[in-house]
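What follows is a pair of complexes built around chain A, which joins chain B in one and chain C in the other.
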Partner chain A sequence: MNIETRALKTRAETDLASQYEALRASAGASVALRDKAFALFEAKGLPHRRVEEYKYSDLRAHLKSAAAPAAVASLEQSTASLAAAEAFAGVDRFRVVLDNGRLVAGLSDLEALAREGVGVTDVALLLEDEARARGVLSAPALACDDVSVALNTAFLQGGVAIAVGEGASVSKPVEIVHLASGEGARYSRVEVSLGTGAKFTLIESFAPTASSGEVNAVSNYMVGDEAELTTARLVAGGDTHVSSIFLTLGTSSRVKTLGFNVGTGFARTQSFVSFTGEHADADLLGITMLRGKGHGDQTLVVDHAVPHCNSRELFKAVVDGQAEAVFQGKIIVRPHAQKTDGRMMTQALLLSEEASMANKPELEIFADDVQCAHGATSGQIDEDLLFYLRARGIPETEARALLVLAFLAEAVEELGDEAIVAALEERVRGWLSVEA
Partner chain B sequence: MPAVQETIDRVRSIDVDQYKYGFVTEIESEKAPKGLNEDIVRFISAKKGEPEWMLEWRLDAYRRWRTMDEPTWARVSYPKIDFEDLYYYSAPKTAEGPKSLDEVDPELLATYEKLGIPLREQEILAGVAPQNRVAVDAVFDSVSVVTTFKEELKKAGVIFCSISEALREYPDLVRKYLGSVVPVSDNFYATLNSAVFSDGSFVYVPEGVRCPMELSTYFRINDQQTGQFERTLIIADKGAYVSYLEGCTAPQRDENQLHAAVVELIALDDAEIKYSTVQNWYPGDKEGKGGIYNFVTKRGDCRGRNSKISWTQVETGSAITWKYPSCILRGDNSRGEFYSIAVSNGYQQVDSGTKMIHLGKNTSSRIISKGISAGKSQNTYRGLVSAHRKASNARNFTQCDSLLIGQDCGAHTVPYIEAKNSTAVFEHEATTSKISDDQMFYCQQRGLSDEEAVALIVNGFVKDVIQQLPMEFAVEAQKLISISLEGSVG
Partner chain C sequence: MLEIKNLHARIAEDETEILRGIDLTVKPGEVHAIMGPNGSGKSTLSYILAGKEDYEITEGDILFNGESLLDMEADERAAAGLFLAFQYPIEIPGVATMTFLKTALNAQRKARGEGELSTPEFMKRVKDKAAELNITMDMLKRPLNVGFSGGEKKRSEILQMSLLEPKLCVLDETDSGLDIDALRIVADGVNRLRSPDRAMVVITHYQRLLDHIVPDVVHVLSRGRIVKTGGKELALELEKNGYADYVGEQAA
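Up next is the complex of A and B:
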C-alpha cells in the first residue's frame, strides 16, 4: 500500500538524529531498546502523506524543526504548572503528576493509591534495568511499526506504570496529569494493567501550555479478564501532539474510552484496540473541537481477533475557522471471529466556510457471521433546528451553541461517569462561549 | 446473520467453474510481434491509418509509461506482469474492413451468435419490438469487426463507430476530446492504454438529440497471450441523451490475460449519459489459474450545467478487477450516479468502487454498491467522495453493503470522504439496516416472513438500477441482483 520513497532528510529529521546521538551517550541500560526503535525511524523517516496511515496528517510537512527533549522540571515549576491544570478540578480524584514526561512523586497521591492496592512505578527507574524495562514497556508498543511510537521509545523520558490488582476496585478515579514546564519535547509512557475483575477509572489530561515543543505520548491499557476500565483522555492545545494508545481486552472485560481533543495546533491520537478474549465489550468515543488552523486527527484500528465481541465507536467533530478534522477508523474482523458486532459512526459539524473534514471509515472482514456497520456524515447545523429554537426566543448564537453542545453531548455522555462528563461538558461550553 | 440457502445457490450457479463463455474461436489472426517498443506503437498506428498527431500522442504516452511504476495500493495480489511477453495487437485476418455483414467471417458471426449477441440487423428487427433495438459494435481482440445500425443512427445525427474509424473520419472531434477526461499519464494502465490502444467505440450525440436506440459494445478476447486495450470515448453534446452498454467475455485458459481499457465520457450542458457494464471476463478456474486481469480506468466528466452521468455495473468475471468508474462533477447542478453489484467467487479479487469529485455548485451524487464474496475471493469497495472549496451545497449519499458466503473469503470497505466546503452534506453508510423497521413491519403484517420481506424490499430498490439496463443484459443482471442481501455486513 505504502510507497517507499525516501527524499532528502528534512530539518526535523536531522534534528532528531543529532538529538538521538546526544541522548544515546547517557542512555545506559535502555540503549538496545532505544537503538532498535530509532533504527525504524531512520529507515522510514517522519510519516508523510504518501504513507497511507498518515494520508491526512502529514507529520513530515508539519514539523518544521524538532525541539530537543525537555529537561527535568524543578518542583517549583511543576507546582506552578499543576496549579494551572484545572480541567478536572470538579472531579474527586487521585492525582499522579508527570512533568516533561517524568513522574513528580512529590505532587502525586502515591501513598493514598498504595492504600487502595494500586501499584505505581516510575518508568524512568525501570529504564535503568533492561530486563525490567522490556517487561513493562509493553509488547504491543514495541512490536508496532509506527514511527511515532518508535520515536517515543527512542526518546522516552519516563512515565508511570500503574497496576491495579486482581479484584481491586479503586474508590476514586485517578488522573494522570501531563504537565509541560519550559521548552522542549516530551516523550512519556503510561502503562496501565488491570488484574482479573478489577474496576478502574482513569483520566489522562494534557494541559495546554504556553511553551512550544511536541508532545509524543504512548499509553498502554491492558485490561484483564472480567475487568472494567473507564478512561477519559483530554488533549488541549499544544503545537504538535501525537498520542498512541494501545488497548488490549481480556475475556468478558468492559471498556469505555473517550478521547477529547480541543485545540488549534496539530494533534493526532491513534488508538490500536485488540480483543484477545471472548465476550468483551468496548465503547470507543471521540470528540474533536477545532478552530483557527487546527488539525485534529483521530485514527482508530479495532482488531476483532476472537469471536463474540462487541465494539461501538462514536466519533464527533466540530470544526470552525480554517481547521481540518480527520477521522480514520478501521474495523478488522479476523477469520473465525464469528458473532462480532462492530458499529462505527463518525459525524462532523462544519461551522465555517473554510472548515474541512476527511473521513475514512474502513471495514476489513474475513468472517461471515458477523454484523458490522459504519456510517459517516458531515454537514452544517440543521437550519430547521435552529429555526425551532429561535422561534422560541433563543438568540441565534445561543441556539447554535446549544445545538453544538447537544451534538457533542451524545458522545460525551456515553462515558457514564457523571463527574467526568460534567467536567468535559463544561469544557465544551467554555469553548463555545469563546466563539459567542 | 449468515447467508440464506437461496443466496448461496444463486451465487453457486455463477461460480467460476460454471463459466459458459470459455470456448475459443478457431480463426486465423494477424499479430504484431511480441513485446512492446516504439516500433510496435508505430505498427499499431500505421495499421489503423492514423493521422500523424495521433502517432505522436501515442509515442508520448509510451515514453511516459516507460518511466512509471505499477501501482501497488489496491488490495489485490498477483505475480508481476511481464509486459514484454504480450502481443499488443491481434486481429482476425478476415476482418480487414468488411463493407457489410456478409463479408464478415462466418466463424466470427457464429461466435457472436454463440455469445448471444445479435449482429444481423434484420433479425433483430424481426424478432424484438422496436424499442428494444440495440446497435452493437463488436470488438474481437484488437479490432472492431462490425458496427450495426450505423446508417440509421447517422440519420439521427449520431456518430457510432469504432474509434479507429473515428480517427480517420472525424479526427477533429476525437482530437478535441481524447485524453481530456483521463489524461495520458493519469495512471500506469491508462498510460499504457494511451500508447497501444487498438480499438474501441466512439459515440458522438449532437446537440439536442436523444439517441434513438441503445448503443452497445461487445468485447471478446479470443487469441492467446494477447492483451486487449480498448478505448471508448462518448460525447453527449448540449441537451443530448445516450445510453450505452458494454459486455465482455473471454475463453477459458491457463494463462492470465491483460485487459487495460480506458473509457472517457463527456456530458455537456443538460446532457445525460448512462453507461452500463456487464463484465463477465473469464474469472480463472477453481484453483485460481488463469483468468483476465481487468485494469480499467473509467471516468466521466459532467462538464456542462445540469449534466448527468450514471454508471451501472454488474461485475462477475475477471481474476482481478481494478476499476473505479468515476464522475467529475464540474458543471453546476450536475449529477453523478454509481450503481454496482460485484460478485466474486473462486480466487477472484475485486477492488472496485467509484470517485465522485464535486467541483461545481449544487452538485449531487449517489453511490450504491453491493459486494458479494464467496469461495476464496476478496471483494473490496474503495471509494472517494470529495467536495472542493467552491463546491457549495454538494450532496452525496453512499451506501455500500457486502455479503460473505463461507469462511475463506473477505469483504472490505475503504471509503474516503473529504468535505472541504461546509455546505457539503455527505452521508455514508455501510449496513443493511437502511431497510426501515416501518417497511419491514408493513410486509410482515401482510404475512411475509422476514426473509421474504427483505428480499422484496431489496428487489424493489434495485429494480431502479436494473431497469436502466437494456433488456438482453437485464436478464443476466436480474439473476445476480435477485440475490437477497439480508445478513450483509457493511
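Up next is the complex of A and C:
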C-alpha cells in the first residue's frame, strides 16, 4: 500500500488489525473497498485527544481492547433480544430488525412495508456485488477521513437500505431496531432515501449491549426535493457506541432529527448535515442524559453549501454523577450560501458537583448576507423553582424530575410526532425514577 | 391551629438576624393580618412557615395543629395543610399549569393516604374553580406563570389554594401589583375559602386589601417582632398615621 503506515500502538489497535486480517479472506466482492477504508485506519490509528474532532472523546484511551466482530445471532437469540427492546412499544409502527449488524428478515415487517411501496434491501446482499457495494460503502465527503466511519466500512456486517418512492407517504413510522445478542462488536449500515415529495418517519433504536459490546453504526439519509423526514435515534446504554449520521437535504425539503443518548458508557453520535438544494429546513435536536461515569458526545457539522436554507440546532444535556457530556457543533456557510439562517443552542443541566459539560459551538461563515447565532449555557436546578414546587406538596425527587422534564421538553416536543415524543418522555421519566 | 413561640431566625448564609422573638397564635376560623414597614420581616416569616431552607431558626418553635413544623420539609408542610401564596409567583417554563396542578394535588393526596383523583374528576374541579377566578382554559394550558400578567399570577395562586384546600393559608402581599378589579376577584376568591375550620394569615403593606378581606386580628410587625396587636380598626389607624410610631418605639 502507498499510504505511509503508522505503527498501531495500543492493544485495541492491534486487535483490530488482526481481526481485519481474519475477516479479509472472506470479504469477497467488497474487499477492495474495505481495504481502502482500513488503510485509513492503519495510517491514523484510533482517534485520540490530539485529533481536534475527538478532543473531548478520546476513543483510543477509552478502548482498552477491541471486541471481535459479533457472530450472526440465532433466531432464538434475536427473538429474545427483541422482546426486551420495547422503548417504542407504545408507537404504532413497522419494525425492521437488525441483530449484530445484520438484517433479521424473519422478525421484520417486510411484507407490510412492501405493500406500502417501501423498498427494503438487505445490505449484506448489496455487498456481494462490487458495483452495488461501492454505492453503499463510499463514505460521504464530509467525513471521508473519519476513522470511525472507515472502521465501519472495513468491518461492515450488514444493514438495511430503505427506499421511499417519489410522492410516497408511509402510513406509520418505521423503527429500525438494532439488537445486540451476546458479545462482540457490531458494524451496521442504514441507507434511507426519500424520493421527491416523499414523507417518512424513522426511528432507530439501539438496545443496550452486553458489557464488552461495541457498536459502530453508520446511517445515511438522503432526502429528496420537497421530501419530509422526521427521525429519532435512541442510544440506550452499552459500553462503547459510535454512531455516524449523514443527512443530505434536497431543495425545499424539511427534516427534523432528534438524537437521544442515555447511558453510562461511552457514546458518540456524530452528524454530518449537508444542504444541497435551496429553501430546505432542518431542525436538529439532541438530548443527552448521563450518570455514573458515562461519557456522551453529540458532534455536529452542518454544511450550508447553498443559499436560502435554515437550520436550527437545539441540544440539551442532563448530567449527573461523574459523567461528562460533550457538544461540538459547527455550522459552515459556504461563500455562495447567502440568506442562510442558522441558530445553534446548547444547554446543560448539571445535577452533581462532579458532572461536567464541554460545549464547543463553531461558526465558519464565508458568505456576507446570513443570519447565524450560537449560544451555550450550563447550570444547576434553580432552588427557587424547586422550593415553589415543594411548597405545593410535591416531594423533592418528584419536583426535581419535573424540572428536568421541563428543561428537556422543548427539545423533545419540537420533534412533533406525538407518539414518539410520548415514548421518549417516558424514557426520560424512567431515567429520572432510578436513583443515581 | 398555628402557634408561633418566641421565634428567632436568621439568614443562614450571612447570619443576619431577621426575626427576633415572634409570638403569634391563630385559631381555626380566624383571619389575622400582619402589617409592617419594609424590612420588618413579614416575607421572611411567610417563607419560614412554608419551609424555605435559606433561614436558620435559632430559638423558639412553630406548632401547626400541635406538631412542630421545624422538622418537616416544605412538601410535608404543604401536605399537612399549609399553603403559602407567593408574593412573586415563579415562572416555570416547560411545565404546563394543568400538569403542575394535578401533580401537586395528587402528591398531597398521596402523602395523606388518600387516593389519586381521576382525570375527569380533577378536570371538573379545576374548571369550576378556574371559572370563579376568571381563569381561562387557555391559561391553564400555558406553562406555569410564564407570560402571565401580575394579576394572572395572583389569580393562579388563589386557584392553587382553592384546589388544594389547605387548613392554613398564608398570603404574602397578595395585593401587590393588582389593580382594583383584579384585587376584587382575588379577594372574593379568598373570602370563598373562609370557613370555621380554616385559618388565614394575610401579610400586607396596605390597608386596602383588608377592606376586602376583613381580618379578625391585626398585628404590627417591626424589626422582627410583633409590636402591637389589635382589631381591624388598627389597620385604619396605620393607614392614617403610618408606621413611624412603631418603628420609633422599637428604636428607643
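Methods note: the second predicted complex is superposed on the first by the 417 of 436 C-alpha atoms of A that agree within 3 Å, B and C clash if a C-alpha of one lies under 4 Å from a C-alpha of the other, contacts with A are read in each partner's own complex, and residues count from 1 in each chain.
Operating definition for what follows: contacts are C-beta pairs under 8 Å (C-beta built on N, C-alpha and C of every residue); 3 or more make two chains touch, one makes a residue touch a chain.
The structure displayed is predicted, hence computed values, not measured ones.
In the overlay, answer first, second, both or neither for which of chain B and chain C A:Leu350 touches.
A:Leu350 sits against chain B, while chain C stays out of touch.
Quick one: is A:Val31 in contact with chain B, with chain C, with both, or with neither? Answer first, second, both or neither.
neither
State whether A:Glu398 touches chain B only (first), chain C only (second), both chains, or neither.
The second partner, chain C, only.
For A:Asn359, select first, second, both or neither according to whether it touches chain B, chain C, the two together, or no partner.
Once the two structures are laid over each other on A, A:Asn359 reaches chain B alone.
Is A:Ala367 contacted by the first partner chain B, the second partner chain C, both or neither?
After superposition on chain A, A:Ala367 lies in contact with chain B alone.
Who wins on chain A residues touched, chain B or chain C?
Counting residues of chain A touched by each partner, the higher count goes to B.
Just checking: does A:Ala422 make contact with chain B only, chain C only, both, or neither of them? Give me first, second, both or neither.
A:Ala422 sits against neither chain B nor chain C.
How about chain C: which of its residues touch chain A in the complex?
Within the complex, chain C touches chain A at residues 50-53, 73-75, 77-79, 84, 86, 89-90, 92-95, 100, 103-105, 107-108, 111, 143, 160, 164.
With touch defined as at the start, can you tell me which chain A residues reach chain B in the complex?
Interface residues on the chain A side: 1, 3, 52, 333, 335-336, 348, 350-380.
In the complex formed with chain A, which residues of chain B make contact?
So the residues of chain B touching chain A come out as 1-3, 72-73, 389, 402, 404-431, 433, 489-490.
Going by the contact rule at the top, pick out the chain A residues touching chain C in the complex.
Residue positions touching the partner: 383-385, 387-396, 398-399, 402-403, 405-410.
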